[in-house]
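Have a look at this one.
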Amino acid sequence: MKTMRRIVWISLILAAVLFSAGLVGAQEITIALGSEPTTLDPQLREDGGERAVNDNVYETLMARTPDGKLKPGLVASEPKLVDPKIWEVKLRSGIKFHNGEPFNADAVVYSVKRIIDKKFNSEQISFFSTIVDAKKVDDLTVQIITDGPDPILLSRLYWMKMVPPGYSKDAKFAEAPIGTGPYKFVRWNRGQNLVLEANTAYWGEVPPIKKVTYRFVSDAGTRLAGLMAGEFDVITNLLPEFTKKVPQAIHILGLEHPIIILNADAGPTKDARVRKALNLAVDKKALAEGLFEGFAQVAQGQLLSPSFFGFNKDVGPYPYDPQQAKALLKEAGAAGASIEIIGTAGRWLKDREMVEAVAGYWEAVGLKPKVRIFEFNEYLNRLFDRKTRADAIFVVSSNELMDADKSFSAYYKAGGIGSSNTDKDLAGLIDSARSETDPAKRAALYHKAVKHTYDQAYFVWLLNIEDVYGVSKRLNWPGRVDAKMLVSEMRTK
Amino acid sequence: MTVPANQPLLEIENLVVHFTTRSGIVQGVRGVNLQVGHGETLGIVGESGSGKSVTVQAVMGLITTPGEIVSGSIRWKGKSLLGAGGRDYLEKVRGKEITMIFQDPMTSLDPLFTVGTQITEVLRHHLGMGKKQALRRAVELLELVDINAPERRLQQFPHELSGGMRQRVMIAIALACEPELLIADEPTTALDVTIQAMILELLAELQERLKLSVIMITHDLGVIAQMSHRVAVMYAGKIVEVGLAEDIFERPVHPYTQGLLRATPRPDEVTERMIAIEGVPPNLISPPPGCAFASRCEQAGESCGLSPSLTVYEENRMVSCWCASKKQGA
Amino acid sequence: MGRYFLKRLWHGVIVIFGVTVLVFVVTRLVGDPVKVMLPLEATVEQRAAFEKELGLDQPIAIQFVDFMKGLSRLDFGKSLWQHRPAMQIVFEKLPLTLELALLGIGLAFVLAIPLGIISALRPGGVSDRSTVFVSLMGLSIPQFWLGLLLIIVFAVQFKWLPTSGIDTPAHIILPTITMALPALARLVMIVRSSMIDELNQQYVKTCFAKGLPFYRVVGVHALRNAALPVVTLTGWELIRAVAGYSVVVETVFAWPGLGLTAIQAIEREDLILLQAIVFTVAILVVLINILMDVAYKIIDPRLKLG
Amino acid sequence: MDAKQGAIESGGDHGGGRLKNLFLELWRDKTGFIGMAMIAALLFMAVAAPLIAPHSPTAQNLRARLKAPVWDENGSWNHILGTDNLGRDVLSRVIHGSRVSLMVGASVVLIAGAFGTVLGLLAGYRGGRTDNFIMRWIDTQVAFPGLLIALIILAVIGPSMITVILVLSFNGWMVYGRMTRGAVLSVRQTAYVEAAEVVGCSGTRVVFRHILPNLTSPLLTLAILEFARIVLAEAALSFLGMGIQPPATSWGLDVASGKNYLFRAWWLVTFPGIAISLTVLAINLVASWMRLVSDPQEREKQFARQMRARRKRGPVVQEASAP
C-alpha cells in the first residue's frame, strides 16, 4: 500500500513540474542574434542587433504587412500630401509609452526633429535626408515638411521609430528603451542576454508570448549547436548548409542583392558586348541551387525584388549561355581579356565564394579573371574610389526602404557612391523619378531605368538571397520580407 | 645490524657490467671481485676506461642506460644490493651508510640550491632531523671539512664557491649521516695540485678520526701511495693484482703493475727516462681471449692464451697472471 | 630588490606610453572610421558631416593634444561604435578574458609538468612517443574545430554543458578546455625537452648517490633547473591569451571577452575603443613580463636582474 | 658486428664517409628516417603539385558540390577526398595548398627564429642597457595588436604571400627572443663560458660557438611549435583577404573557409588539418633525430633503450634503480 501512495505522489509532482515547465516554457522563447546591440537608442545607430530588439519595443508611423505592403502603424490613416513638400499625418488616439508618457503630435514632432538634427549625428540620416522639419497642427495631427517632392516619404516613416520626448533626454535612454510597442524592456546584462516582456497595456492585441530573451552568439556553428541543444527557439543567419540539421528552417526572400558593378567607362568592360558576355557566362541557377542550396533566387536583371517599388516585371535575368558569351567576346575582340574583380571575405554571406565562383565561370569562357579579395576597409577604399574604378566590384546591396530610389541613386546613378558609369540620361531618369509624386508615373520612370540598365548591362546581376532562420519545433513563425523579427507575430505550438 | 668483525663490509663477486652502444656491446667490467673491510682504505688504480668508476657506480646503483649490470653480486654487510629485494635495501643505505663523492665539483652540486639545503636535505631525509637541528649539524660538518665562516657558506650557492671548497662541501654532504663507507671517485683529478694535497690530507685525517672505510678511485699512483692500506690494480675491466700498498709498491708482481710503476716518476728514486708501456689498452667491444694484457706484456707466453683468474700469490697478495703464479710455483 | 622593481615599473610606464602613442599615430594614418560606420549608401556630404561631428577632421596634432589630455585622466572618450566610455567597455570585458586566460593557461601549466616529466623519464618509450604524438596533434588542430567538437559532443549530444554564453559557472568549462589544450601541447613539449637535458646532468647522479627519494630528485632538483624555458613559454601563452589571440575561443563560445572586442574594434575602426584596449593590454603585458622576470630570479638566483 | 666494423665506427668521420655515415645513422634511427621521408614526400608534393594533383585546384563544378570522400556511400573515385563548397577537388587543393603553407611556415620560422634568437642572444649576453632596450622593445611589440600591424603592411604592400610572411614574422619573433635571453642568462654564469672569455674569444665567437649550440633543443622544439601555429595563423590572414589571393590556396585557407561547413562537410576542414598535423609531426621526428645526432650521450642511451626493449623477451636483466 505504501509503495502505491509513493508512486501516486511521484507522478503528481512530475506532472506538475512538466506542466509548469511546459506552461512557462510555452510562453517564453529565446532568440540568438549574430551580434549584440551597441546601444538601444532606436535613432542613433545603423545596427542589426539593436533593430532586432527595438523593432518590438518601438513603433513607427507606418508599418508593413509580413509580405512587405505598407499599412498604417501609429497613424489613424495613411498620411496625405497637402502640398508638394508637406505631408499631413493623422495619429491614432489613446496610445501611451511604456512609462505612461502620452503618444501625441508633440511626441512625433520631437522624434522627427531629434533624428534629423545634425548635432545628434544619427547614422540613419541617409534614410531621412529629405525631411527638413515637422510641425504640430493639433494634438493628433502633424505636418512633415520635405526639402522637395519626396514620393517615398511613407517608406521613410516606416523606418523612423517614435521616441518618448521626456524620457529620451535621460542618460539611461540608450540602456533601457521605452517605446509604445507590444514588448517592454526588462533588463540587459551586457555580453550575456537581454530580456523583454509582453506589454499587457498594449494599444493593439496583447501578444501571446510573455517573455523573450535575446542571446548574442557570433559563430554560426555555435548558434546552430544551441538550437540543436534546445537552448534557442530562433537563430538568425542560418547557413544554407545547416538547414537539414534544424527542426524547422524558415526562409523568405530578403533585402540582400549581391551584384557586380561593371566599369562602363574604362578597361575591357567599356564595351557593352563584353558586359553582356559577363552576364551570360555566369550560371546563376547553379549559384542559387549549389552555393545557397536553393535558399536564393536568380536576380531579375535589376537591383530590386518583386516586392520593391519600381520593380519591372518585363525584365528577366540574363540566361546562362556561355557559347553566346564567347561569341560576343570574340566579336568585341576581348576573347582572352583579363578582368580584375574585387571582393570581400567574411563580410556578407558567402561573399568570397560568390566572387570565386563568378571568376570560375568567366575563366570557363576564356577570360582571365584576376580575383582580388580585400580586407573590408581596404575594399571600401576601392568601392568609393571615384577616380580609378576597378573593372568589376562585387557588392551586396540591402534596401531597407524597399524602394528603387535608395539603391538606384547609390549604384545606378552616375556619380552615386558606388556607381561605375557616367550615363547622363540614366541619371536624368532617376532624378526625375525622385521628384515625381504620382506613383504610377514614378513607377514607369523606374521601369525605363531598369530596362535601360539591363540593355547596357552596367551590372552582372546575380541573386536575391533569402533570409534563413533556424526555428525550434515548438515555435510557429512565417518570417517577414523586411527581415524584421516581430515577436508579436510568433506563436508557440 | 652488527657485523661480525672478520666479515668484510662490502663484497663484490664476479661483477659484470655491459654497455650497449651503436658499435657493439662494450664489456666495461668483466668479472670483478673485491672486498672492503672496516676502517680500511682500498685504493683502486688503473688507466681510464679500466672499469674502476663503473664498478663503484654499480655499487651505488648509478648504472643507467646504456649501461646495465649483467651478472655478479654486490653485498653490503652480507645483504645483496641487487635484484628486487636489493633495490629497497640500496635505497635505505645509499647516502646513509655508503656515500660517494665525484670527480668534477663544478657540476656535481645543484646550481640552483644553497649549500645549506643540499646538506640538510640528506640529514632530514635519512635521519628525520628538524630544520634547526639539521642546520646546526650542517655547520659542524662544514667546520669538520675546514671551511671558514660556515654560517655564511650555508646561504651561498655553488657558483659562489671555488672548486676546492665545493669538493669540501661534497665531502661534508657525504659525511653528513656518519657513513661506514665513503667512495671517492677521482675526487682530486679536477683540482690543481695544492688543493689536491689539502683534500687528500683531509680525507686521510677524517678516515682516521671517524674509523671510516674508504674506496679511493684514481689513475694517480701518488694519491694511492699516500692514502690507501690496500691497493687493487685494474686493467681492461678486471682486477689484475691486489695487495697491501707497501708490498705492491716494493714488489709489483703483475707485469702491468710493474709497467705502471716504471712509468710513474718516483720522488725518492732518481731514474733515467721513464719507460712507457707500449701498445694501447684493448677495445672492450671484442676483448682478446685470454689475458687482456698479453699483447703488451714482455713476459707473455703461450699459457697467456687462457684467461688467468685472480689467485693467491702469497699472504695478502693475489695476482691474475700465469707467469707470476709459475714464478711463485717454481 | 625594491630598486629593481621601481626600475622595471618605470620601464613599464615607458612601454605602455610608447604603445599607446604608437597605436594613436598608426590608427590615425591608416584608419578612416566614418567610412566603415555609415551604411554603404551614405553620400559623401553625409560622411563629411559625420566626420566633423566626431572631430576626426581636425589635424592630427590637435587630436593628439586632446588625446593626451584624456589619457592623463584615463578617459579615452566615447567609443565610436558603442557610444559609451571606452574604459567602461574595457572594464566590463577584461575580467572575462582574464578569467578564461588564467584558468586555461593555468590548467595547461598544471597538466604539462607531470606529463612532460613522465615523457622525459623514458625518452623514446611508449608513453613518451604517445605523449609527443598527441601533443603534436593537439597543437595542429585549429581551435575553432576543437571548440565546436566539444560543443557538439558535450552540449548537443550529452547536454551536460551549455553550448555558449557566460550565465553560469558551468559555462566556462568548455572554453577553458579549448583554451588549455593547444597551450598544454606546447608546454608538454618544452617541459619534456628541457627535462631530458637536465636528467642527463651530473648533479642528478649526485642526488641519487645522496639517496634522496626519486620524486625529490626529479620533481624538485631536476624540475627547478628545467623550469626556465617552461616559465618563459607559460608567460608567453598567458600574454597571447590576454593580448587578444583568444579571439577564436571567445567567438566560438560567445564569450564576450576583450579579444573579440579588439578585433571588432579594428574592423569597425573604432579608434577610441582600440586605444583603451591596447592601453589596458599593454599594462597586463608589462605586469606579466615583470612577473616572469621575478620568477626567473626565484628559480635561478644566479641571474643578476638587469 | 665484426671488429673491422667496430674500428671504422670509432675511427671517426672523414670526407665522403661523413654523408654515408649520416645516412647510416638515419637508417638506424627509424623515427628520424620516417620523418625525413615524410618531409621529402611533402616537398615533392609541393614542387610537383601540378603533375600529381588529379584536378586543377580551381576547377569548380557547383553541381558536384560538397561531395563526400570516396569511402562514403555517395563518394566517387573521381574526387577521392570529396569536393569543397564550390565543387573543387579537395585532394588537389591540399596538394597545391602545400606550396604556400610550407613556404610561409618555413620562411616565417626562419626569419622570426633567426631575428628573435640573435636579439635574445644579444640581450642575454650583453645584459645591462642592451638587455633592457631589447626586452622593452619585445614588451612594446607584444602589446601592439598584431592585426593592426597586418593592416599597415597590407596598406603598403597589398595582399600577398609576402605580406603574410612579413606580418607573421613581425608578430612572431618575440617568443624566440625571450626564450633565448632566458637561456643565455642562466648559461652565462657557467664555467665554460667564463673560460671561453678568459681565453680571449670575442663576444660573438663566445655567443655563437659556445652558448648557441646548447640552446638547440629548446629552440628546435619552439620552432616546431611555432610552425604549426603559423600555418594556422596564415589562414586567418588569408581568409580576411590580407594574404594569398585566389587562385592560390593554402591549407590554412581551406581550413578557415571550411569552418562554416563543419556540420555539413566535415572533410573540408579535416584533410587540410591532417596535412598540417603530418607536416608538424614529420618536422618533429626529424628535429628530435637531429637533436639525437648532435648529442652523442643521448644517442647512445636511446639506442640502448631500443636494444633492451627488443631483448626484453630475452633473459631478464636486472636493471639499476636510477631512471
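For clarity, chains are labelled A, B, C and D in written order, and residue numbers in each chain start from 1.
Criterion: a contact is a pair of C-beta atoms (placed from the backbone, for glycine too) under 8 Å apart; a residue touches a chain by one contact, two chains touch by 3 or more.
All values reported here derive from a predicted model rather than from experimental measurement.
Novice: Chains in contact with chain A and with chain B: which ones?
Specialist: C, D
Novice: Which interface, named by its two chains, has the most contact pairs?
Specialist: Here the largest contact count links C-D.
Novice: Kindly work out which chain lies most centrally, taking the average of its C-alpha atoms as its position.
Specialist: Ranked by how close its C-alpha centre lies to the overall one, first comes C.
Novice: Taking each chain's centre as the mean position of its Cα atoms, how many Å separate chain C from chain D?
Specialist: About 23 Å separates the centre of chain C from that of chain D.
Novice: Please report how many Å separate the Cα centroid of chain A from that of chain C, as a whole number.
Specialist: 38
Novice: Rounded to a whole Å, what is the gap between the Cα centroids of chain A and chain D?
Specialist: Centre separation, chain A to chain D: 47 Å.
Novice: If I count partner chains per residue in chain C, which residues reach a count of at least 2?
Specialist: Touching at least two other chains: 144, 148, 205, 208, 300, 302.
Novice: If you look at chain B, which of its residues touch at least two other chains?
Specialist: 61-62, 91, 111, 159
Novice: What positions in chain D touch 2 or more of the other chains?
Specialist: Residues 151, 155, 189, 259, 262, 301, 305, 321-323 of chain D each touch two or more of the other chains.
Novice: Can you name every chain pair that touches?
Specialist: The set of touching chain pairs is A-C, A-D, B-C, B-D, C-D.
Novice: For the complex, give me every residue of chain B touching chain C.
Specialist: 60-62, 91-96, 99-100, 102, 104, 107-113, 121-122, 125-126, 157, 159, 170, 173
Novice: Along chain D, where are the residues that touch chain B in the complex?
Specialist: That would be residues 1, 3, 5-7, 9-10, 28, 189, 191, 299-301, 303-305, 307-308, 317-323 of chain D.
Novice: Inside the complex, what are the residues of chain B that reach chain D?
Specialist: 19-24, 58, 61-70, 82-83, 87, 90-91, 106, 111, 159, 283, 285-286
Novice: For the complex, which residues does chain C have touching chain B?
Specialist: 201-203, 205-213, 216, 221, 224-225, 299-302
Novice: Which stretch or stretches of chain A touch chain C in the complex?
Specialist: By the definition above, chain A touches chain C via 36, 38-39, 41, 44-46, 118-119, 121, 123, 125-126, 129, 174, 190-193, 215-219, 221-222, 225-226, 228-231, 376-377, 380-381, 383-384, 395, 397, 406-407, 409-410, 417-418.
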